[in-house]
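As written, the chains take the letters A, B and C, and residue 1 is the first residue of each chain.
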Amino acid sequence: MVIALLTDFGTSDYFVAAMKGKILTLCPDARIVDITHDIEPQNVRSAAFLLNACFRDFPHGTIFVVVVDPGVGSGRRPVLVQTEKYFFVAPDNGVLSFVLDHSTFEDFRIIELANKKYLAESVSQTFHGRDIFAPVAAYLAKGVNPTTFGPAIAELVRIEIPKLHRISDYELAGEVIHIDHYGNLITNLTRDELSDEFWLDVNGRKISRHCKHYAEAGEGEVFSIFGSAGFLEISVNFGSAKDILVAEVGQKVLVRH
Amino acid sequence: MVIALLTDFGTSDYFVAAMKGKILTLCPDARIVDITHDIEPQNVRSAAFLLNACFRDFPHGTIFVVVVDPGVGSGRRPVLVQTEKYFFVAPDNGVLSFVLDHSTFEDFRIIELANKKYLAESVSQTFHGRDIFAPVAAYLAKGVNPTTFGPAIAELVRIEIPKLHRISDYELAGEVIHIDHYGNLITNLTRDELSDEFWLDVNGRKISRHCKHYAEAGEGEVFSIFGSAGFLEISVNFGSAKDILVAEVGQKVLVRH
Amino acid sequence: MVIALLTDFGTSDYFVAAMKGKILTLCPDARIVDITHDIEPQNVRSAAFLLNACFRDFPHGTIFVVVVDPGVGSGRRPVLVQTEKYFFVAPDNGVLSFVLDHSTFEDFRIIELANKKYLAESVSQTFHGRDIFAPVAAYLAKGVNPTTFGPAIAELVRIEIPKLHRISDYELAGEVIHIDHYGNLITNLTRDELSDEFWLDVNGRKISRHCKHYAEAGEGEVFSIFGSAGFLEISVNFGSAKDILVAEVGQKVLVRH
């Protein structure tokens, strides 16, 4: 059984190791995969985006453990969400919002992780990754029935997904929702909203070049491209769009047809 | 068998891969787990702290391979330490001091890694991670008897663990022994030394708020909290105590009751 | 079967996770090992060096997946190279040049990855790591015959390996081909070209100390040493040669006998 970890714990501390140690103690056969541990500290939205961008690539039955958890130790609930194909173990703080956005509440089951039998003997108030989420994932991987972890609950905390705004028949406003390792700006625009001919306005800079692959553009040229997460991206061949356009997450992107 | 790696090799080079390749060549079934490779180069004390913070979470029988090794190729001995539950393979430079601090020498066995049969055919003088520690871990995982790796030895090099100093009946001086990924300052103070009411003095700044979980404090507020490694930490909700207090490892922390 | 990944994807994005998810979906028993994902973006030469420095340490049969791929989506071919002991799956952009440099073309087989049966149903033009290289590696690990992935091809794109230049009977010019995590400067000089007595000239700075291990030098002293990748390195004990000599990859290193 694959257990995939997504946290903001970084890789220079003992946090991730402690989770893996706990998992392997309880379920020696678990196959642990790191999604990333380099989420900006406490950035729930960023974790929600990255999880959504890759969870479909994993085998059915994968248990995703998502620990970006500024509310650890407070009243926020630890939950298990079971969908048709996957399990998600996480704090109830909205981090699953993008993954579950296209589902209705009938499509999945939510369990509050309340059964102390499946948690660490002594649960700290600062590290539920080790004391709650890792043990639950390990027991799930061992075949424990989801309903035994606690009571079913009806709703999850949601974070708002940035929406597009139609300004006129010819103008649409989107925004940058993620900036990747290469400095590509991932927007919330998809093919569905865009005609064959469009250009972008970012901070007054016009971007009219649209490419199908990166090497199509000249070195240093700014262009748009449909990226691998399904969204329109703004890129620079052999360069960083983030640096050249001085952009951050939330940057408005105006589309003109 | 789990083999857990802790080094200062970083993750941008071939060093960790070479160790993993060697291990899997000799023991294809080994389950390799990375603790971290981002120890500050040659910082034996930092590695000793992190190992101590997580080794108990691993399954019994885990083989820990700890390579922070400024003396590689010199006269320092490579050793294997067997405790009741775990194996540790490391240079004899003090990196196991915190892990073994609460044990007496009767509680564990120390072997010098001298038997060339279990090392690389040609041992370099610059990379014992690949040429000594990885092969020994792999053979251990395969079931080779610890005593066959070399002669028993009686003592290990130790590094001093920062001690608390009692200044008066009301004052105790500790220090910061680790700064984590979030900028939390981990001190060497534990619950045992602290009454229910205390406040801290760090560089003349008074910290009187004590929280049970992070979200209890206001955003940006400085507070103390008992952390997941068992020590008192100084934290800032949605912020970095390291940055706000301009603190480094070794920073004195005065406790007043 | 071991699948070893070497990319410039970084570890803060969904790219590596998507590849691992795909591999485990198709081949649940694959043992995935990360070489590194921290290659400088689009630096094919750096990836070629690192792969060459560690591939021999891996078990026979290992499948190396190398994705540093500025030409993704363009006409550059995706290839599989089978040598006597290993498989390499990569874009045909020179990234395998160092690994294959000592082989003749009779020693290995090159296959173009053209058979759509073994690729993702829908192949993007921006992420062949997920859509081509990961699935092919997974099918290979499952035992699919290399020749079924596509037609044999005769030659690969090559990048030039920096050569030494003999200036006189007493002088030889090499260069820095890699700078490691510690700031050690790895040159293209090997034992074969060096007599027992030599000294180096780097930017007019004379380096006459040669050590067999790092701790032999005084703290902060600059010296040369034969490193674990088989090349002469320039190092500083408890310091960074890169910083002290203000060196970059490509820095000329003059040897005088």
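Just so it is clear, a contact is a pair of C-beta atoms (placed from the backbone, for glycine too) under 8 Å apart; a residue touches a chain by one contact, two chains touch by 3 or more.
This is a predicted model, so every value here is computed, not measured.
> What kind of graph do the touching chains make: line, ring, star, complete, other?
Chain contacts: complete, every pair touches.
> So if I superpose subunit A on subunit B by CA, what angle comes out, to the nearest 5°?
Copies differ by a rotation of 120 degrees.
> Round to the nearest whole Å and give the separation of the Cα centres of subunit B and subunit C.
31
> Two or more other chains in contact with one residue: find those residues in subunit A.
Expected reply: 11.
> What residues of subunit A sit close enough to touch subunit B in their complex?
Spelled out, the residues of subunit A in touch with subunit B are 9-22, 24-25, 28, 32, 41-42, 70-74, 76, 124-127, 130.
> Which of the residues in subunit C come into contact with subunit B in the complex?
Residues in contact with subunit B: 2, 4, 11, 31, 33-39, 50, 53-59, 62, 180-182, 212-216, 225-229, 237-238.
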